[in-house]
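A, B, C and D label the chains in the order they appear, each numbered from 1.
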Amino acid sequence: MNEALISRNQLRLTCKGAHIVVHAAEKHAVQIGVPQCIAVTDAGGHLLAFSRMDGARIGSIEIALTKARTAATRLQRSEEVGGTNDFGKIGVALASQLKLTGMAGGVPIVVDGQVLGAVGVSSGKPDQDVAVGEAGIAALLEG
Amino acid sequence: MNEALISRNQLRLTCKGAHIVVHAAEKHAVQIGVPQCIAVTDAGGHLLAFSRMDGARIGSIEIALTKARTAATRLQRSEEVGGTNDFGKIGVALASQLKLTGMAGGVPIVVDGQVLGAVGVSSGKPDQDVAVGEAGIAALLEG
Amino acid sequence: MNEALISRNQLRLTCKGAHIVVHAAEKHAVQIGVPQCIAVTDAGGHLLAFSRMDGARIGSIEIALTKARTAATRLQRSEEVGGTNDFGKIGVALASQLKLTGMAGGVPIVVDGQVLGAVGVSSGKPDQDVAVGEAGIAALLEG
Amino acid sequence: MNEALISRNQLRLTCKGAHIVVHAAEKHAVQIGVPQCIAVTDAGGHLLAFSRMDGARIGSIEIALTKARTAATRLQRSEEVGGTNDFGKIGVALASQLKLTGMAGGVPIVVDGQVLGAVGVSSGKPDQDVAVGEAGIAALLEG
């Protein structure tokens, strides 16, 4: 086989790694007193691990999944999607058949410059959601 | 308030309980050598915890969720839904807008006669999926 | 970072590789005189390359995509999904929210034992669809 | 048959023509250093050819398809859809069941005054997406 047709040395987040992200995110959520829905996906935006903490909103489950999918498949933090313009954000959500969101709380997981997946957090305020996701990723990278 | 209008002493599965189910299910899946997608929902069929083991199929994520939702909201094992008749099973899936399935692998979590939620397992053969789910519930009940 | 939390040495199909699959599949379709819709996805079932040949059916576009997504995310040929039983196949399609199909014509692309993605072909008879997809993959592996 | 009841001499973009658009668009994307998702549809908005370049976003696949479908079936550039008013753009997306978008990056392919189809591009900035699509069409018209 012609080696130019495939790319080797790709990284993949393990199931165990995904749960470390989820549980470290939970720990941070407990510290700030905000129960959260936390989703971790692979680079294709497909779910690896999920936790809805006691007291987190059922109505935030789907949003956490969408934030994670967005950060993973757009290779950027979800709040950067659609720019700073409200219409840009709404436009991206609609044009993607609701697969993407421009809301804050989706953070890509990057190792050696590769996006391996993402964490999406929902139930708190935007800054809280982002901080909880980042705490999860920090635990993975420092683990 | 008229106490007859509300029902107290309902049971609710905690987030920690849901993760015990997931991880015990994973342990059984490792023992039988079949990586699985494992979903645990509350009584409303809403996701509490999820894990896709290394090697489990991406194409089984949605099916695990559907099996768990079915067992939780139908108060019965998913393979009992729609009876033993193939058309019955298809009919239930269609009439529920694809929210339910009659495939094996969704098992309700029952404590003191109350259905607190369910586990749904997908990636293996029907008997394997059921056994993995039951192992998860057993760990919860014995824990 | 704890190396046990990620998996290195994963393979990825390049865009060029995907087009080689598509064009070799087209060539075989011309030889057997059956214009086809041909889709190639990555391992997550996300589209990489697509071609609808002159005379291929518009109504086969979505089916080709679904067959490729199925083979990629189930790690098996699409005709193996749901077993040999009609209900099994219908049940999988419904329980997956129509993301999967048990129809023949989706073939995984496997290199060094890893599923890098899949090709899905639709417009012909089952055997023709499979043969066209296999011809595409053969060109990649021999290229 | 009454000849007045049918219209002859319609133009149709061939599969080969669609791939020329895709590959010329890819060439321009390489020149400006922005990997893109590129979709070409027929006049009915149905996919003819597609390419996701190495490094282009998975989360842009659906948007490229929506932009192309919009330009083809609205007979205009996608950024003209819904006018210059944000609500107009959102309204069109919603009223079309998310089939259309007012985002820039969808360009109709016009020959002899007939819209034969369109190209839709997504992953870059609006001007980049449009320029890549136009480069694809230019190669077709000059070919």
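Note that a contact is a pair of C-beta atoms (placed from the backbone, for glycine too) under 8 Å apart; a residue touches a chain by one contact, two chains touch by 3 or more.
Since the structure is predicted, the reported quantities are computational estimates derived from the model, not experimental observations.
Engineer: Using the touch rule from the top, work out which pair, A-B or A-C, shares more C-beta pairs.
Structural biologist: Between the two chain pairs, A-C has more contacting C-beta pairs.
Engineer: Examine where the copies chain B and chain C touch and state whether the two sides share over half of their residue numbers (same) or under half (different).
Structural biologist: The interface of chain B with chain C is built from mostly unshared positions.
Engineer: Report the inter-centroid distance (CA atoms only) between chain B and chain C in whole Å.
Structural biologist: About 30 Å separates the centre of chain B from that of chain C.
Engineer: Using CA atom averages as chain centres, what separation in Å is found between chain A and chain B?
Structural biologist: About 25 Å separates the centre of chain A from that of chain B.
Engineer: State, to the nearest whole Å, the distance from the C-alpha centre of chain A to the C-alpha centre of chain C.
Structural biologist: 28
Engineer: Counting only residues that touch at least two other chains, what does the list for chain C look like?
Structural biologist: 7, 14, 42-46, 73
Engineer: What topology does the chain touch graph have (line, ring, star, complete, other)?
Structural biologist: Chain contacts: none of line, ring, star or complete; other.
Engineer: Residues of chain D touching chain A in their complex?
Structural biologist: Listed in rising order, the residues of chain D that touch chain A are 54, 57-60, 62-63, 66-67, 86, 89-90, 93-94, 98, 101-103.
Engineer: Show me the residue ranges of chain B that touch chain A in the complex, using the header's touch definition.
Structural biologist: Interface residues on the chain B side: 14-15, 18-19, 42, 44, 46-54, 58, 61.
Engineer: In their complex, what parts of chain C are in touch with chain B?
Structural biologist: 7, 43-45, 69-70, 72-75, 81, 86-87, 90-92, 94-100
Engineer: For chain A, which residues are in contact with chain C within the complex?
Structural biologist: It is residues 1-2, 4-14, 16-17, 20, 42-46, 73, 111, 116, 140-143 of chain A that touch chain C.
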